[in-house]
Structure formats: C-alpha cells, structure tokens
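The two complexes that follow have chain A in common; it is paired with chain B in the first and with chain C in the second.
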Partner chain A sequence: MLIDGRVDVKPDNSLMHRVNARAEQQVELCYHCHKCTAGCPVAQEMRFGPDQVLLLVQLNQQDRLLSSRDIWLCAGCEACATRCPNEIDIARVMDALRQVALAEGVRPADTSSVKFHRLFLFLVEHLGRMNEAGLLGAHKLWTGNLLADLGSGAVMVAKGKIPLVPHVLRDRAGMRRLFSRSLHPAAADSGAEEPGP
Partner chain B sequence: MTAYSYYPGCSLHSTGREFDASVTAVFRALKIDLVELEDWNCCGASSAHSVDRDLSLALPARNLALAQAAGRDVIMPCAACYNRHRTAEHELQSTAERRRRIEATADFEYRPSVHVRALIEVLYDTVGPQALRELVVRDLRGLPVVAYYGCLLVRPPQVTGFDHAEHPTKMGELLGALGAEARPWGDATECCGGGLTLTQPNVARRLVTRLAERAREAGAQAIVTSCPLCQVNLEMRQSGRAERLPIFYISELVGLALGLEESKAWWRMHLIDPRPLLRGVGLMARQAAG
Partner chain C sequence: MKSRIGVFVCHCGHNIASSVDVPGLAETLRRHPDVAFAADYKYMCSDPGQQLIRQAIADHRLDGVVVAACSPAMHETTFRRTAEGAGVNPYRCECANIREQVSWVHQHDQPAATAKAGDIVRSIVERVRQDECLEPLTLALTRRCVVIGGGIAGMQAALDVAGAGYPVVLIERQSALGGRMAQLSGTYLTLEGGSERLAQMIAAIERHANIQVLTEAEVTACSGYVGNFQVEVRTGRPGGAEVTPFTLDAGAIVVATGWDPYDLSRLPEVGGGLLPDVVSTLDFERMLAPGGRLARPSDGVVPRQVVFIHCAGSRDPEHGVPYCSKTCCMVVAKQAMMFRQRVPEGQAYAFYIDLRTAGKGYEEYVRRSAEEHGVLYLRGKVSAVAAENGRLRVSGADTLSDLAVDILADLVVLATPMVPADGAVPLGQTLHISTDADGFFNEAHPKLRPVETLTAGVYLAGTCQGPRDIPETLAQASGAAAKVMQLFSHAEMTQSPTVAAVVEDLCAACATCVGTCPYGARSLHPVRAVAVVNPALCQGCGACVVACPNKACFVRNWRPTQVMAMLDQVGWSGDL
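Moving on, here comes the complex of A and B:
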C-alpha cells in the first residue's frame, strides 16, 4: 500500500496471530519442508495442501483460506503433527482456521461438514450422548442428501446398530452449563447461566 | 481381583455393539472387573475440536471427574474417545492456567490419581501376551491378518504414547500370542478417513479401498482394528472388484481364541460377514447355524 508516496511494508500478521492464539502453535516456525503434505492422506483432494495452508496463514491470506474447502477436508489424523520437524500441530491449526471461519461468519466451502458438526454438538448438548439416528436423519434433511447410504443405514438399524430411541443423560443441566461456560465464558461468569441441580 | 472403570462411549452402544459385547466378555473371562462410569457423556469427538477448543476439553474432563471419583483407571476401547480424553489429561497436566480453565468449565478439581487406558495398552501391558497365550483354547493358526491401528491410538505421540507412533507392535504381538499370523505391512497407522465418512464419502472410499488393497498385498484375509470409527468405515466404504475383507475388533479375536461361546453372536452384527472366512480356516464349524 502507498502511504505519503512511500511503500508501507509493515507486514499484516493478524490472521497468524489469531490462529496461533487459538491453536497454541507458532505457524511462523514453518520453513516449508513439505513433510506434512507428503504424508497427508487427503492432500490430493485439497487445493493447497497442509504446507501451503501454513504459507497462506503466514502471508495473511484470510479470504482465500477461510472460504477454502481444504480447512474442512482435514481428517484430523495428526500424521503432520507427528512428523513436523518444527513441532507444529497442523491439525490444530486447521481446527483454528475452522473456528475463525465460523466466528467471522464466512460462508464455508463445505457446508455438509459444518452442518454435521453443528448437529452433532446440538445433540450432545441436549442429550449428553450421540444419537446416530437423529444425527443421520437430521443431516440428510438439512443437506438434502436423502438417498446417501440408505441401504447400509437400513442394515444397521436391522442389526440394532442405530438405536432409534436416544439415551438421555440424567445430568442434563450440568451438560448445558458445561456448554454455556465453554462457548460463552463471559455470560457464564456474569451469572447468566441457569442454577445447578 | 483387578478392576477398571469402563467408558464405552457412544459408538460402542451403536455401530460398535460387537466391540462392547466382545470387550465385556473378554474381561469377564480374564476375571478383570469393568465398572461402567455412571452417567458418562459423549467426548465431543471431532465436532467439538473443530468448533471450540474449550468445549473439546471440557466434555472429556467431565468424564475424567467421574473416573476420579470412582477411583480406578478407566478403559476406553474407542480410539477416538481414548484420544480426546488423553488430550484432556495431557492439557490438565500442562500449565496451571490451562488446568484452572478446564476445571472451571467442567466444574471439578483435578487430581492426577487415575488414568485413561486404551484396550491394547491394558491387554499388553497389564495382562501381557504370555499370560494371554496360556489362556488360548482355540489357536487362531491359519488366520492371516494385519494389525491396523489407524490414527488416534498412536498420534500425536506426546498425547498417546503407549506404542510407537509410526511402527507400533503391541497389537501384532497380541495377535501372535493368539496364534494368528500378523503379516507385516506399511499401512498400520495410515488414516482411513473415518472422520470424513459421512461428509466426504468419496474421500473415505478411496482411503479405505487402498488400505484393503495393501492388506491383501501383505497376504491378509482380514483386518484387525481397535477403533469403532475405523471398523464401520472399513466395512461400509470398501469398494472395487476384489472380495471385501472382513474387519475384526481385536477383542473379538481374543474372545474367539479364549473359546468364548458368546463370540457366535458377534459375527452377525458385522456388515461384512466374517463367518465364511472363519469356516474356511477351520475356526467355525461348517454346519454352524445362522
């Protein structure tokens, strides 16, 4: 950018600072040896791959990254974190990028994953445990992908592997408090949470 | 009598029913008490850590509080649950500030008195392959398999740490003690894409089919796992022209080798029926009904 006829070269690191804070990592340590990408099981499906995702964080390429499918493709297998010579947990960096994207309301490239995670956590918040029938059914309705895996789903219901009646935790109030303290720490501190049992 | 707390996790009450049934049957046979944690909650799996780090630590921390109150180490057969709870344990032991933050959200005071254990860890480090070998009544000779760990039992190593992160050996040694032939292969810790199986089924299909190919190349006729997410993904997403490989839980093969009658009920729950293979290698009577 030109300011008073001079080039302002002060780097903007705001994305990296936010990602580092959320992931408790130091993305600036990456010197691009590509070891993470070499061992990544989903790199071939990605547009950038793990190494270039780190590069784009270093270069503050917020728009490209937060709207990319790559950040939702990470399988969380931690092969990158295990092998990184600079001990960067890249899977956690991917998590941090997802969190920044959600916090900033960026329209995700992969809405199926976002809907899956939201439904999963909604069920855990209100039931305390996962209910596969609820998760799969609601995810189908929400994504409009009604026919996927219908056959194997039916077989699993027949084999008693997808219980139709959910188990509900006794300590539901505790569960909701845990969610509100985690997701809205300020509100919980100011006494906005409901009283305990 | 040794006793452990038991955390089955959500999968072992649904898609991994045979894992739950075989784990509990095997520990009964080993005369080790498993006491299920009262009112345990879901660990949040990959959804919690994708969305919020505090939540991803508070959910397992609530279960650690239950285990601490029960006063026994807790066995977590599911690799994903094991990994999330070990991560919370690791973070609780990292800095005082992090510990206070987790304690505040999960509403408890942490004491490092009880620990989270993986199934293979307990079978290997506490029971031991030699003791197991002496209990075998039906040798699994003639059953060539590969030991498949997947990701979450061994990575990241500073969080898991009961076996080698790149070349783990304990599951293979346990299988050897049962008489099975654990073939060497290079994909024991390659990811199957289980976390993507519903949202990116094509990615999961590619990873699973490649794993099955590599297992076949190694001469295996089945894959053995200790993770319910791997197991269901490997059963659901194998494709290609080759015949699909059955996917066993390690606890099912221990139960079979110990001669447990209950084992017959487990095979019916599989999406890929392992009974033709078991009959073929003489581990099941050919005329067996069902």
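Moving on, here comes the complex of A and C:
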C-alpha cells in the first residue's frame, strides 16, 4: 500500500546531513532489516516505525518526518540501537529529529510528549534527579489530562514505585553548570574545566 | 559346461547383518546347483575380505563371482579388480545389492529381508551364469583440443591445455580475441588491472607455440566421438570472400561461446529502445571508458542524476528471462562508484528487488557503494520512465517506506541480463549438446558434473552455461581444461564393453534403433543391410533393445535371456 501519493526524491541530502551531524550517526548504513521496528516497544503506536524513519531521512522527507508523532513517541529505550546490526544509534537519530523539528519551529504532532520532555529536563536541572510524583503531577496540570491512568498511578504509589518525597542532589549547582554547558557549548569551552570528584 | 560361481555375502558390520540372516543366507546358497562356493564375512571390501575372495577363486577354480553386499555404485570396481587379480574375467563379477535395496529398507522384518536378499542373490547368480567374458574396448585418441570462443573463458581453457603440452585450436567468430570482457571499462572488486590482464592473456595466446588462433571462424559441423571428433570450420566474414570449409581432427572440444546483451527494445515501458538516455549497463561501460568524457547520448551533457534499474528484464518471465543474471547487482555497484569518481557531485539511485551479492568481498563492496559513495538504494521496481523537459521522470515504488517515488534523472541505466550468445542453440545441435529453456548449454549434472556435457569429450566454460562473473568463469575454464588434460593423459581410450550389439541374422535394417539412440551410436551399415553400433558412443542404455521390433539388439551382459532368467528367481520364495 502506498501512502500520501507520490513523492519527489530530490538530490538534496540536507535533512540527512543535519541529522547525521547532530546524532553523530550514518543513517545510510541502514539496510532495512527491520530489526529495530520488530523490537520497538512503541512501534505499534507509530505511523512509520524506526526503520521507515531512517529511510525517510535517507529520502530527505523533512515535512513528513518532522511533523509526525513518531519522533515524539520514541521512548529512548535504545532497544533499536542495541539490536541494530549496523550499530546505528536510532534513539539518537530520533533525538536529533526532535531537535531539528524544534529548531525549525515545526508544531509537534504530540504536544503531550514535548511537555513531558520539558518537565523531565526541568526537574533534573533543578533537583539533580528525576522526581516521578512531581513530573506526573506537573504533566497532568500542564496537559489538563487529570484523570488518565489514575488507577494504575494509585497502585504504583501503594507499591512505592512513585516516591512522594523527592531525592535531591547535593551538588545542584554543578548539575546546572552541566546543563548550561551543554546548552551553550561555546561559552562553557572558555570557562575553567571542572575538577573531577 | 556347469558354472563354477562363488558367492560372497557381506555383513557390512551391522548394516546388513542386523536385518538379514547373513550366515543362514550363505548356508542356503551353498546348496544352489550353480554355486560352487559360498561364504560370509564381516567386511568383504576389506583387505582380508578381498583375500578371502582371491583364495576361494584359487581353491575352487571359480569362473564367476557374486558379491552380495552394497550397491554396485559403491564397490563394483573394487570387487571386479579383485576378481581380475585372481584370474576371473572382471565382467563375470557382479554385485548383488542387499544393503541399500534390502537391509536398509526392511530393518524391522528379518524373515522378509532375508527372503528378499535370497531372491536378489539368486537372480545375480543367474546373470553371472550367462555373463560373457569381455575385454575393455580401446579407442584411438587425437590429442588436440578445439576451443570454441575467444573470450576469457576460451582463452583460459586454451592456455591451460596448451600449457600442459597439447595442441589447441582456438576458434573465434569475431575478428579479435577478448570477447565481452574487452568491452568493460572496469572490473570489480578493484577497478584497475582488468584490461591489462586481458591484454597479457591475448598476447600469451598469440605467442604460444601450441595454440593456433582462427578468427572470423565458425564451427559448421561436427562428427565423431570423444577422442576422435571431426570439426568442420569455415573462416571469413559472412558475405565476404568465401573460404572453403576445412576439417580439424580433435579429441576434445571446449565450448565457451559466452553471452549477448539483452535487447533493450523489449523494455519499452522504461524507455528501452525509445529514449536515447535510457541505456544498458554494457552501454554505460563504454560511456565510462577511461580518458573519455562522460556524456549522455542525447545532448552530450554530463549526467548528474543517474538512476540504475536492477533486474531490467531478468527475474521477469513476462519479459522472457525468468532467471537471475547473477552479476548485475555487483555491476550496478561498480558502475555507480565509477560514475561518482567521474562526477563527484553526482547522485546515483538504484531500484532493486533484492541485492544478491554472494561472493568473497561482494557484500562489503555493495555496502561501500552506499556508505562511501552515497548510492541510494530503493527497494522496488520502476513502473515507467518518461521524457520531461530534456530529462527523464522515473516513477517507481519504494516498498520499504510504502512511498511511490518520482526521480527526475539525467540518465537511466538498465541492468539487463546476460542471454546466450546468438547461435548457441544451432551450435548445440551441431555438437550434440543440449540447451536449457533459456538457451544456455546444459551441464551433465547440475551439481556433480558442472563442466561436462552429456556428450563425452565436450566440455563447457563460462557464461555459455549460465550467467556468471569473471572469477567464476576462469575457475570453470580451468576445470574444463583439467578434464581435457585428464582425457589426453592416456595413450588410448578405454571404454566399458557392456554396450549394445546386434544379432545380424535377426536385423531387418529398419533403422528404428538409429532414430531411438540418444547418443548417435547407431547407424546402418554402408554396404550390408544391417544396423551397426559405434561402441565408442554407446552408453549401454538399452533404448535400442526395447525399440527393436525384431529383438535383434541386446546389451552385452544384459541379454534379454539373462534378464528373464533373473526375473524367474524373484518373488517365489515367500510372501513379500
């Protein structure tokens, strides 16, 4: 079954080059064995799946890819990267695609995932560790989706899977410096190197 | 005169003895009126087993031997040599197969297996009782090889045979040696070196004292048989000055007639034969010739976007070629890389069904075309190629992304299959070798006899047998040359004497056998009104025996009276 009508494949490898550079990968190594898609825990929710995402990168199908939910659904579990016979870190490719999408100002197909990513990074930056209760609560307030998964949430709290009191890193200033350095690599390069622990 | 036949029953360890009562069988046979001696032994093919046979022949003055053991395909030669060494004519030594045909297939029924073994051994005793003493046939041998085709296959075979000291006549239809390889601009896996090697090979052929090269020459007729062929050759261009055909005597023939390119006009839906910028891989080889300028045919512009289409015509019964041409995946990878070396800013695309890259270093080579030269492989076929503003719109499918794909290209290269060289089928008829449904010559056995044909003394080398690449072609050519050298290493040829013969008093010279014989071994005597057998060609198949309306034909040591007597021994010793 062919989707979306015909596409013109143009000799313009801009998307592939950008993604390869950001992810430090070579997506053209992919020979489409589908092993990544076969093992991906969220592939059934995706429209293309990891293998086809790599192919669409090779075909420079920027519009299709950056606006798709697939790049936001990726859980980053690295099952694909672990299994890939050509050692392509597909999770990093997905991450690079998300970065390109945000840089291009493409409206994400799945805003809930973007909010999740933002909150996750916020918590790690400021607490030094992830806090499940805080993340879930904030995510529910931000998305307005208050009642979803309430039952399983209660069970997880009862089993102690979601600690209500956050663990906090002692050297939170160090963590913030790490964040700042990765967000603004040029500024960090000029600063003094952190001594090791 | 009463026969003095010895029967030797083998246990084959437990192979036979576990389901056949071997000592009991030997004991029963001792009471057989035509059996002078019977014994059983653990392994009859072992040295002590063979010594037992020799001793019994001497002690009991035996004149015939039956070894009840494994299939004759296994040890007939062994036991015949044993019998011959002890003074019994080897053609009066036969194997009764009580292993493959009895013990192995009746493992859980000893009484029935033993009874069946008895039937088989008694029937072979009947056969030996009527076996003639025969001598192997010896035939004269012309130690000269004719090689048909002056491409790399024929040249390699010629060099190998000539290098062993035998004279070779190399017959080439074109005006120069080199064949299809001379049309290639580069060869995988390293692009350099192919043409230099070919030039060296041609030079070596031309200065070789044992090789006579005939160019613009064709084989027009062939008669005779292994060791004694008469090959009629005609030289000169068709339509040019006629040259009287002449005949060469040869002991062996190597056929190396190569391949022709597939006709592009059979692929109009992708522009084949219609659009000038749709070319074949062989055309593209010429365009990539070193030193030349890479220019597309229509307007001489350097192509930037090149689309390769794999399996163009092949693996496609609709287009007349059901087979895989085997080399094209590698050719496309090679040409795409050569193209990128010439046009670094260019982009190559390749539509494929599967990438078939079996061969040492081949998979890595195709991967390199994608990894280092950016060839974009798209898994799917192209449905149409159409001209559009001086370029070519290629409409295809990519089945991995489920996308219908359009590419605007400057040049389309069709990876078309190898087809048999023009004239292969009539040449096969001339040489009495068969061709398959696609027109490639048939080997004697697809797995076990890949360089021989069913006509003894005619061997195959290279792509005339089926698509293959240069290393495989050279290996097969050397294999065919080794068969020729093996044949020529004998002073004369020996042949099994168990061939057809004629009872001349019964023969009506109706020539039914002549038409029936698959080996051309039967003919009518030029003077007398009888059919005769050429024992050099006869393979002893028995087709003429069945066909003869007067029952005048028989195969030596397989006479109808023998076969009837053998049948009489079967099946009346119990309920099987």
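We adopt the following convention: the second predicted complex is superposed on the first by the 153 of 197 C-alpha atoms of A that agree within 3 Å, B and C clash if a C-alpha of one lies under 4 Å from a C-alpha of the other, contacts with A are read in each partner's own complex, and residues count from 1 in each chain.
By our rule, a contact is a pair of C-beta atoms (placed from the backbone, for glycine too) under 8 Å apart; a residue touches a chain by one contact, two chains touch by 3 or more.
It should be emphasised that the depicted structure is a prediction, and the values quoted were computed from it without experimental measurement.
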Could you say whether A:Ser112 touches chain B, chain C, both of them, or neither, answering first, second, both or neither? first
Applying the touch criterion given at the start, work out whether A:Lys161 contacts chain B, chain C, both or neither, answering first, second, both or neither. first
Partner touching more residues of chain A, whether chain B or chain C: B
Using the superposition on chain A described above, determine whether A:Leu136 touches chain B (first), chain C (second), both, or neither. first
Can A:Glu28 be said to touch chain B (first), chain C (second), both, or neither? second
Looking at the overlay, what does A:Phe48 touch: chain B (first), chain C (second), both, or neither? second
Shared contact residues on chain A, chain B side and chain C side combined as an intersection? none
Chain A-facing residues of chain B, complex: 10-11, 13-17, 39, 41-42, 44-55, 58-59, 62, 104-107, 151-152, 155-157, 165-166, 189-191, 193-196, 198-201, 203, 207, 236, 268-269, 271
Listed in rising order, chain C residues that touch chain A in their complex are 304-305, 347, 349, 367, 370-371, 374, 376, 378-379, 395, 397-398, 400-408
In the complex formed with chain B, which residues of chain A make contact? 22, 41-42, 45, 72-73, 75-79, 81-82, 89, 95, 98-99, 102, 110, 112-113, 116-118, 120-121, 124, 128-130, 132, 136, 139, 148-149, 152, 155-156, 159-163, 167, 169-171, 174-175, 177-179, 181-183, 185
Could you pull out which chain A residues touch chain C in their complex? 1-11, 13, 26, 28-29, 31-32, 48, 51-52, 55-56, 58-59, 61
